[in-house]
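Got some structures for you, see below.
Two complexes are shown next, each including chain A; its partner changes from chain B in the first to chain C in the second.
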Partner chain A sequence: MEAFDYMRPTSVVDACAALREAGGTARALAGGTDILVQMREGKLRPAALVSLRDVPGLRSVRRAQDGGLTIGAATRLIDIETSPDVLRDHAALAEAASWIGSVQVRDRATIGGNLCNAAPSADTAPILIAYGSSVTISDGRDERTLPLEDFFTGPGETVLEPGELLTAISVPPAPARSHAKYYKTFRSAMDCCTVGVAVLVVFAPDSRVVEDARVVLGAIAPTPIRAPRCEEMLRGKELDTALMASVGALAAEEARPIDDVRASAEYRRVLAEVLTKRALAAADSWLQKGAGA
Partner chain B sequence: MKRELHLTVNGVSYHRLIDTHRTLLEVIRDEIGLTGTKNGCGQGECGACTVLLDGEPVNSCMVLAHEADGHDVVTIEGLADGAVLHPVQRAFVETGAIQCGFCTPGMVLSAKALLDRNPDPTRQEILDGLKGNLCRCTGYVKIIEAVQAASCLLDEEEAS
Partner chain C sequence: MKTCIVRRGLPRIDAVPKVTGEARYTVDLKMPGMLIGKILRSPHPHARIRSIDVSAARELEGVLAVITAEDVPGTLFAFMQVMADKHILCTDKVRYVGDEVAAVAAVDDDTAEKAIGLIEVDYELLPPVLSVEDALKPDAPLVHEDKDSNLGFEVERLFGDPDKALAEADYVVEGTYVTHDLAHTCLEVSNCVVKWDKKDRVTVWTNTQAPHTQRQEVARLLGIPRANVRVISSYMGGGFGSKLVTDMKAPIAAVLSRITGRPVRIVNTRSEEFTTAKTRYPYTIHLKTGANKDGRIVVRDMTVIGDNGAYHDKGPATINFSAMMFGTLYNVPNIRAVGKLIYTNRQMGTAFRGFGNPQMAFATESQLDELAEKMGMDPLELRLRNANHAMETTSCGAEVCGCAMTECMEIAAERIGWKQKRNGANGTVLRGVGLANMVHTGGGGRFYGYNSTEAFIKLSDDGTVTLITSALDMGQGAHTAMAQIAAEELGVRLSDVIVLSNDTDLTPYDLGAWGSRATFMNGNAVFEAAREARLALIEAAAEMLEVPAADILVEEGQISVKGSDEKHAIAEIVDHSVNEHGWTISGTGRFVDKLPEGYTIKSAFAKNIPCFSFGTQAVEVEIDAETGQVHVLKVIAAHETGTTINQVMAEGQIEGSVVQGIGFALMERLISEEGRIVNDRFLDYKIPNIGDIPEIEAVCVESEGTKGPLGAKGIGEPGLVPTAPAIANAIYDAIGVRFHELPITREEVVKALREKRE
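== the complex of A and B ==
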């Protein structure tokens, strides 16, 4: 690897200052599982890495009274998949985290790194968006909060400005009678997903009618995207096989996939359809089994 | 840029001045001289460089040495107790789970970490725990058997 400056600040304020002072090509270093690979391949040549290792407050999961979660950006995936607070009402997030890479990768990789790296296939993004999550960004002086779905601007690109850090991810409480599920397909256990689909379904009281839904597609457009037409189609209807099939077909239409080494665009559309149907079927069978009771 | 680095490796404390862009793998092999940890793919895929950092398996090729500053590292050389092999090592030898041997240090450390977390893993849990360690020789059959055997050996040790 080429040489670079390395700093290990002990506060968000100092980390942001270090990023700003080191200039445009300084980068935050969290687990390093994306950035060090990119640097070794010569795709990225940052003048400085600003380590988040000793910045307090970035590495924790907190569950509020109302059941909402605040997850520090530098929380490791291994800690998310095993967190009782996450597993309680947001098990689909724990599961999505547990499918990433290997134990060795998840012992280092962070949720903030997964989001800031902004791969269209980032596995924590679709389920977090399905839960309605927002992100908090700090420049060391001021904070701003925005919906996670507005965070991504393109492959590898986010709204983060130089000198800004992602500090936290807020996940709202899971609504009553709601079911969330993330499904992905991949070529091998260690490869990033060819397609990922997260679906949150909120059922009306005492019925199979869908009150609200979020359908989020990953690895199928330049950023993770919501499929608003699928969500619209679900709202106010009883979830049955015919509806699942129609929503699945619509997901294939909403996708804007590319051909690449992992899969053709056409194949990705088929996967989007299949995984969307599968996630809806999971919600249905959860309801049949007594809605988690 | 050099910076003071303090590492405990296999119980021995090291203080060195190390370039900030060196990986933990490079420091373990080239500075400390422990070459049991292997340099494989350099991308976190193969697991040949696995070491235990504070007891947890990590790919040392993807950890900057200075990120481990002040922490505890165990490499394959630190597993045996003198001439007495660790039960996981013994199980690998007795089961014949080693062919060319290149993946073995990482495989053994991942297996140890798995058994520390989960003393009686199912077959699927073994597969998940070793997902980050590639072996090009064995086809994994003997390796899985070795982990199962190690789990029994550790149980016996516990009981005695």
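== the complex of A and C ==
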């Protein structure tokens, strides 16, 4: 690993200034579970690391009156997984976080790091997008907010400009009669996902009809992607086995997978289909069991 | 047998230092003035070296030496010198991605790394041969141009008349089975520190499984007298066969140390470990098995084509050993075993827990299930009818001593619920059970033309027992086992024993830790040493207490006299003996495994094995038909141990082997693209971890009739041998698909299920 500068600013303003001053190759350091590995492998050679450790306000989960969540970017995954506020209406997010790495990894890894690292396989991204989350970005002077699904621009790439920090993730309240589920498959336990699928289904009052749905596919395209045709197909229809199968098949079509050492593109399509079907089946069985009541 | 110290699950003697982190491994070693060595490795699978420019690297500040082939002895080396084919640093050609081309020594890691980057090599690319099939084509490029073809080694063994037997058998099944290359994935990567001192003595601190043979190899590589080489090992983070044959780090570090006058350390990166620390030999096995209506197997005929990689290592021995186990597993009158090793431009293979036996067992034990199906017979029944029994000699000359094969099968079948669960009888279509047998050596082999070792014991006047043994502890617990054997025979407590080992200047010559031999071989020598020391102790006690020696009892660190309540601490006796008379108390143990009548290395075949160990594993699997995921639910692993020296450690060896067996069967694989390994890290080289590991019930089946210490046999490797075929057989039971190739990945299962549906 090559020598680099290390800074520990105590405010967002200073952190952004430090990132800007150190030039294009400075990076924020949160839990370090992605960036330090990449540096050791020689894939990344930042001139400086700006630690977020002493920056206040980045490490918390807040639940608003309406049930929406504001999550500080440097909140550790272990805190998300165990947060009563997250577990209350957004259990699928807590579950997705709980499937990342090992407990040792989650004890350091942050949600902001997971998103900013922008791996196509990042496990918190699909479920956050399914919930309709947005992200807040600061350059130390101004803030901007945008939907999470517009945050990713490619593998390892985001809209973040040099000198910008992700500060918070806002998760809207879970709609009434909605069910969210994230499924991932792995080659062995404690593996980054081969394919991940998050599905949010909102049921119409007193029926099995899908009022609205979001289907998000991970590790199957350069960024996590929505599957709009799947969502369209679901809307206004009764969620039965035949519909689940058709939507699953469509998910396989909407996927844009590649062959790599983890799986073939063809197999990734199979997984997209199966996981989409299973996430829909989970929503259905939740409904049958009394919609969480 | 009444025992006090063995046959119990006593805590390992190194448990506390290991658990607290106090234990220092070779990879932790730091020395004053130590330099960091790094190796420039070939990025190409096959290329000619036109020129190497090291000038920029030499000029870099902090670099103390840069070497190429010109600076090192020109020795050609291989484990077996008659097959020598590898230079310390490549001279004119590189033969795989990772081949050693040049090396540097610098003040720190970063400088060494930077210096490596400054070396410029002009390569002329040559067409590589990346598979056995390509290597065997008539116009294939030659990996070694001084040879006529890429055939590296060939052997044929014949017992009975297999052709006739195949023609006459009532049933014959035939198939081809393919296994793949796997990494050993030791937690401690291969590493060394070497110091070439002013008296021209070369000390090598390294994590080797065989210090004495490494000493000979380093001397051979450097062209210096053996007397000038000393090898020291330490606590060790796993070996599994990868650390038997010296790799080029030690001679390279030695030369760098000679030039700089300072100790030089070279440690594999994890990527180097995956790409250059050698693999399990991939086998392609063509196999025929014939049986008669009465359920007797009458003929087995196997041709193994092994991928040797770019250079010779343990390949010939691996092929030979697979053939011996092939000939021995069942007592079959007609046997043919043909083996060929083919050079390719790939990372070379080496020994790997099981030594060719896991590959072979995957083929033979899968095929037995296919045969049973053809015969309309229960696969367990077929195996029971052909089981070996104690004190028999098989057609290929294997002398089966103690043998619990039938018992192992019965235990495994009973505990997995064979009768209830077989053929989906439990109602869940996608669950299945399968089993497989194995035989392995339980005591190394006579492959060097001998199999022997020594041990020494001395008692200090404070009662401490110092045991000097060459038994090498690479994490398997050999030192604890040796201490237990010594304590048992000597009559002391385990905590009284100190084990000294791992320094060739101190320990007697020994062949190393391989072939499940430490317990059997070193254990026998330790037992003898303890016996001699015990006799000396009794003599001293008799003198001091003025009673006949026959009346002296030694137990749990105390001496007593028959018919009296009097008890004396051993310390008291030794103190008296040493300080009153100057009589020191010690014992020498030598174990020479007696060669059978008419033994010659050439003809010996299965007579090379001093002791066989049988075992059976039964497995239950569940398959997700949509994702293809195979979940191993349960493994019963019943293995013969003769006498179990340490219950917990023996179970640990079996469990660890099963885990590696699951990895072999379902997930582990080195993936190459154009000769380059692309999954050279744990992110993409998947080994089973705690979430993947099922309930494993390790059963140590004791048996009599073994010449091991207190009747013990080795248990280091057997547990890995039958796991893959047992899983493959269980998968067949669950979904009716027979896999002939490993690993059986999720993708392969999905593909096979789709094909079956169509």
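What we mean here is this: the second predicted complex is superposed on the first by the 293 of 293 C-alpha atoms of A that agree within 3 Å, B and C clash if a C-alpha of one lies under 4 Å from a C-alpha of the other, contacts with A are read in each partner's own complex, and residues count from 1 in each chain.
Basically, a contact is a pair of C-beta atoms (placed from the backbone, for glycine too) under 8 Å apart; a residue touches a chain by one contact, two chains touch by 3 or more.
A quick note: this is a predicted structure, and the numbers were derived from the prediction, not measured.
Touch criterion met: A:Y267 reaches chain C, while chain B stays clear of it. After overlaying the two complexes on the shared chain, residue contacts for A:M190 are found with chain B and with chain C alike.
By the touch criterion defined above, A:S178 reaches neither chain B nor chain C. For chain A, the partner that touches more of its residues is B, with chain B and chain C as the two candidates. Residue contacts after overlaying the shared chain place A:M1 against chain B and chain C alike. Of the two partner chains placed around the shared chain by superposition, chain B is the only one that A:Q104 touches, whereas chain C remains out of contact. Counting contacts by the rule stated earlier, residues 1-3, 189-190 of chain A appear in both its interface with chain B and its interface with chain C. Interface residues of chain A, counted against chain B in their complex, comprise 1-6, 8, 29, 32-33, 36-37, 40, 49, 51, 53, 78, 101-105, 107-108, 189-190. Residue ranges on chain C touching chain A, taken from their complex, read 110, 626-627, 629, 667, 671, 678-679, 681, 683-684, 686-692, 746-747, 750. The touching residues of chain B, counted against chain A in their complex, run 1, 3, 19-21, 23, 42-45, 47, 50, 53, 56-59, 62-64, 66-67, 69, 110, 113-114, 128-129, 131-133. Remark: chain A residues 1-3, 41, 185, 187-192, 261-264, 267, 270-271, 274 touch chain C in the complex.
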